[in-house]
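Quick heads-up: structures coming right below.
Below are two complexes that have chain A in common, paired first with chain B and then with chain C.
Here is the complex of A and B:
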């Protein structure tokens, strides 16, 4: 199983997983399209997690704008056994998200610490988005096709 | 225990010679509840890593059959990290090499005993 669709995401994500000791990790675009994963065994779980993470980010960013004038930077949910961290990463290629699930092998403090390093590495490694004067639609024209393609690459169907 | 005794303890520890920062940290979360650090010391980073260090020392001690950990001391090239806690809360001190670690140890253990 591959860890990343795009090579520039793979090394920073694997390093984050190793340092922060998280169980599951996903890097995705703000639209919900997956770029890299660690710890998932089924593509359907990746697809669901990406869709939910993108929706949570969109909601919390808007809530942040309403309450604070700017999107919230990250979100932490403390469950009974597992905890969830969702953080936004701005790169030259646009807004990306990290979703991480962890247990008591680590802590939210460590996850936040290494997320800061991951953010820097991804911002440095990400290819710049091609500038365009055209109005960008909320979802890419080929979003669904690309989503399926990325999942197939990650789970060895291509 | 309300916030005032924590602040008094952190202040007292901060006044020792060579101390660069004192923190009250949640071991489970790795987050600082209160901190007093000098400029240039990243309290968030120290809190996360010191909590992890204490937790691992606690687990190692338990695995070896030695019971709970009262005090953790890390000697580095240019200073020390000291930690003592009770339940989920830890007092953490970071200091230069010249600090009197014996005195700090006594005060940290005494402060940790007051955490409830």
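Here is the complex of A and C:
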């Protein structure tokens, strides 16, 4: 698994991927921040998927509240080749989401079954929310030099 | 809030382009998208209405490369500017590490600029965030329009920039000021990260 940000998510997600046989999987916070991923090859694609998953969750939760009095817990989209499952997970650290993409190697029933197990494992493993200033990097005091150089390269100004 | 992965030495920051409808927020992102090599950015996602107004948000992930040994990535978002999209605006603003306020320099749009700036502060307050602590950069867009139609930078400073934050004149359609604005907010966001780390180390 690549780019797992939070170690407590890694093992439960890996187990879910193996058991449910999904192709792509993401665990993210409701705000769209990635916690762990499996199957994506580019970090920018991970960020796009997270942003869109968070938007879907926010929209469907509000739709659920308006139509049903409570947010919808999960969504399933049945595509022609691949299917998508989005489920909400409540942990001591707040609301998290699972986005899973799968094909005919598995089924929505199995994905739902193992999602239930994943939800339990993550709820048990999740730390309580930590203060934001507890996890900040110390950048070099001359970081502006790197920033200027990188932005200039990015915009083709070098 | 930034995501920091110490093991991989990665930083991911969320920047939100805020402002009234049609002020040029999406245009800023389109220009950046067009300038940046494909391998350093993701697809630009635009959830728009049939009349091409932003419905939910625009989104553009950028890979800034390595800064002080940290692989640094920015997620650029815009909010829908129209007044009736207040809920989605508040949602997109959540977790923002920095805000670019794109003002429409047209004289007749001044009231909309002020209303949108007040809306920004109200939304931050509703999320328990002190607006004075959020890195903010202003962009006075559409400065390419005829002089008689627009306010100049000093006039706009007087009306909008009561915090004295960095402000850049812009013509996002043709790229003027877009780079400088992104550079300005990037520096403020990264500087805040560093300052917070220093404060943490001093405790």
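As a working rule, the second predicted complex is superposed on the first by the 127 of 158 C-alpha atoms of A that agree within 3 Å, B and C clash if a C-alpha of one lies under 4 Å from a C-alpha of the other, contacts with A are read in each partner's own complex, and residues count from 1 in each chain.
By definition in this document, a contact is a pair of C-beta atoms (placed from the backbone, for glycine too) under 8 Å apart; a residue touches a chain by one contact, two chains touch by 3 or more.
Since we're looking at a predicted model, the values are computed, not measured.
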Dominant toucher of chain A (residue count), chain B or chain C: C
Touching partner for A:104 - first (chain B), second (chain C), both, neither: first
A:90 touches, of chain B and chain C: first, second, both or neither? neither
Partner chain in contact with A:113 - chain B first, chain C second, else both or neither: first
Touched partner set for A:148, first chain B, second chain C, both or neither: second
A:156 touches, of chain B and chain C: first, second, both or neither? second
Which of chain B and chain C A:47 touches, first, second, both or neither: second
Partner chain(s) touched by A:55 [first = chain B, second = chain C, both, neither]: second
Chain B versus chain C as contact partner of A:31, first or second or both or neither: second
Chain A partner contacts - residues on chain C that touch it in the complex: 1-6, 8-12, 14, 35-37, 40-43, 45, 47, 56-57, 59, 61-70, 72-73, 75, 77, 87, 91, 94-95, 179, 182-183, 186-187, 190, 193-194, 196-201
Chain C-facing residues of chain A, complex: 3, 5, 31-34, 42-45, 47-48, 51-52, 55, 58-59, 62, 132-144, 146-148, 150-151, 153-157
Sites on chain B touched by chain A in the complex: 27-31, 44-45, 47-49, 51-52, 55
Residues of chain A defined as touching chain B within the complex: 104, 106-110, 112-113
